[in-house]
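Read from first to last, the chains carry the letters A, B and C; within each, the first residue is number 1.
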């Protein structure tokens, strides 16, 4: 019965620490000042500025794109290049996930068929005088084919099995770029995102606009910043050239972005960033995307400048022999990166910050105790008032 | 020697706060109630419900897919469309990373070659009466080519350089969809994931099943929910149509998903979500994927409905002139999103929660002190017992 | 005025708990031991080892790749396969985002055109004796076409509409692999990353090297571990075969990686992992990538072994009839996964750990109080010294 009564009495008791209340201007001011700093840090910095009262979730995203536009090429200047390039021609491959590539410049080698011909003169090691300069079965670094073992005496270069005639290494990428007018192409970016922790789903299409607006609008960083249709030129000019920085749309006017013609010659890589930073304690209508652009290819190294790759169109002649047109396609690879966080009030981060803030307040007591017990003139008095000495039977005796 | 003895004596001393033990039913009950709430929050909510005792790691994933199936087209109805479509025909491009596209419907424009012809009648601005209605070198919005500067008098439309004849804008996507039977195609999804912090690697293939099962099983959200082979129809019907919601497999039977024929006409975008939420304090065998599906294209705006793109097959005739078949391919873009977290007990989050929980308990003391010192009848007595007044020599004097 | 004076006096007062200072060897040692463990855990484990003083940010990444190399095929052994394969031939599709595929082996079915022919003998269900064994309009599982409804009496197999002649199911993937020499191909991986929270941008290209070095270097996990150009063979041999483990470059020499020829026959999936774990409290120059490789396809199930897909090259003959070469391409799918975290000192995680560490120290007091008040011999004395009993007017009376 004693245990039950003791148990019940637990509910009707209250333990509170006995407090030594020291009236001292010096210590009081130090104490309040430290407490103020700690509380200011906890409330002002940790909870409010660093959003310590919110939990967060990372965005998950799906992006699809559609490019439109058509361009004509001057075939007097470029006789090997087809005069008209439309979407089915300049988007290679037709689809990529989170990216798209637009051809801006070309070197075309038509009517290649597999055979034997001399290696290109720009290939290091292609020069020869005798057959054993050209070991059969090997290929030269960045070469176009596999050596037959013969040295072609007419041109003093190694023979290779290859798609012949090989691409002419002396041909430079045309200036101005063949598909310079691709700057006017438009891309419609559709981005669906989700914050799964909060079951919030958003998309970048604006709400409450007409079909006509959506057909004809163009993103400009300003009044039309909800429009998801971009011209390639505006994207490129929005990306700071030559460094790693990025620039928002507003810098088009000020002209500090890349120039399209600078990029279209050798190609490049542009990152289109869509940032979704949403405070879900506010209306979800305020959860909107921010676009920015960044140029990623670098001109530091010759080998890493620009962007190009090779592909071919293959045909068969009347005899069934396969031949092809080889395209060295320079162009802009646009990669779309979607990132962001949703934040929302949650009890756990809030109370964790409150709890460790309350614990941090004990620092004020620790510091002020040191002042009171070791620094002030009346420290002996304070020490006597603060401590109640109890000597246990197994105390450690400091012998004098 | 004094310092050494003082230092050693530190180990043999113990400071504990002197406690005022108040026996009062009112305060006792309030105190225990607040303590109970705080402890209940810390243990029940922060630690157990919100898994505050666990640290987490995000999933990293690689996905590959393989589609199988073959479909036949009624060439009486669609004379321009090839009669048989197999994997090499309807998956365009042949590979994408984390995505695949299946053609479900087509508008085919065969035998286009580059030349001069009238712009399509549906293109806004194509109508003309005189040559200056058609400024040379420009192209109309969503036009098929570049204006020559002439107005074709026979049809009163601007002439364009283009792949001629241009695609007929009045042709609607066929109904029913040309490759409607693509609903029966199957996709084998292979997903390898890793939680690098815990060195846990998993994959979605089931363990301990026979080769025969894996060849012939089909995912159905129920008994076969470990089978990684899906029919396209079951994926589409598992995705809630018309809203952002998603629906698990079980809703196929109840028929609340999208209907395949509704999607195949204009195309669409379907997200296949693979969620890996694993509690690594349990057996790693319980770390299994959950599949769900979500339709992403929206019918709110005409411009954003469905999904299609254009690609071509290019050929050369006996004269070496290039011509092509242009395909406007409607279809379903399947995008695979893998997400998830692994959680495992870790000391730091656990003790952080315990620590700030202990600190939060001081709130009970703060509140009950207010009650005891300012509200209760016997507050003068309690105040006298709680505080030991010490007046320092630099006390602030409140003059009466 | 009283309130103002009381308010001002708040700043000149200091409350410190009255302490019972017990000199007892037993309790003193227990107390210091527990405090030492708690402080050791907080400082040594939570703050230093688990980097509790740092906040972190996840990496965001863009990757582009370029493969180079050329290989010759023995056409005596493989008459249907073109003799030379260069980049435009073996990278299918020409571009993928964060991935690339290299053909290593092939089964070629040339000159297919759409017509009627017998189904392949390896297709389950293709055998027949009478027409009704072959229900028209259906297709067999993994079949090549759609059944016409007739049984071909010459070969006793169902007739199908298909691209004819169908691929021969008895043909095995050639051994050795047709494009075995693809092991010598090189891939240049360009990786741009960003830690947006800290505005840190990095790339994997080394700084301060010459153009010549970058043209000719090869990654080897050792002296050249900053070189971003890899041979396919070194990547494959760096990936542990047959299990989920991965192995860094150093294991090439020791030969514990996959062998290229083991992978090239049936194809496979290799993950190239680029890890960026950066401590931004150190110089940002130390923020460098680590490469590792992992083989993902598994040989557990016949159906999941290797990696292959089918694509076609389409042509038209003089009559305008379309025909094609069907390629069953085995090869290695390289998927690039970039991951990592940047860590940097931040006040909030640091002070949160300090705060909850201070709160945890109260556990020492809780445990030692139990020892002092309930276990030691002199507990009655200690109890009397610790507690100041105050009986309120509403105390709960335990009647004797």
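Here, a contact is a pair of C-beta atoms (placed from the backbone, for glycine too) under 8 Å apart; a residue touches a chain by one contact, two chains touch by 3 or more.
Labels paired with UniProt names: A, B, C = Purinergic receptor.
Note that this is a predicted model, so its numbers are computed, not measured.
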{"item": "Copies subunit A and subunit C - rotation angle from C-alpha fit, nearest 5 degrees", "value": "120"}
{"item": "Interface sides of subunit B and subunit C: same vs different residues, half threshold", "value": "different"}
{"item": "Cα-centroid distance, subunit B relative to subunit C, in whole angstrom", "value": "18"}
{"item": "Touching two or more other chains - residues of subunit A", "value": "9, 11-13, 15, 17-25, 27-28, 58, 93, 96-97, 315, 318, 352-353, 355-356, 358-359, 385, 388, 395-396"}
{"item": "In the complex, subunit B residues that touch subunit C", "value": "9-28, 58, 60, 62, 64, 66, 68-72, 82-84, 86-89, 93-97, 111, 188, 190, 192, 196, 201, 203, 205, 211, 214-216, 313, 315, 317-318, 347-348, 351-356, 358-359, 376-378, 381-382, 385, 388, 395-396, 398"}
{"item": "Touch list for subunit B against partner subunit A, complex", "value": "5-6, 8-9, 11-13, 17-25, 27-29, 31-32, 41, 45-46, 50, 52, 58, 92-93, 96-99, 101, 114, 137, 139, 141-146, 161-163, 244, 269, 271, 296-298, 300-304, 307, 309-312, 314-316, 318, 320, 322, 324, 326-327, 333, 335, 337, 339, 352-353, 355-360, 362-363, 365, 368-369, 372, 385-396"}
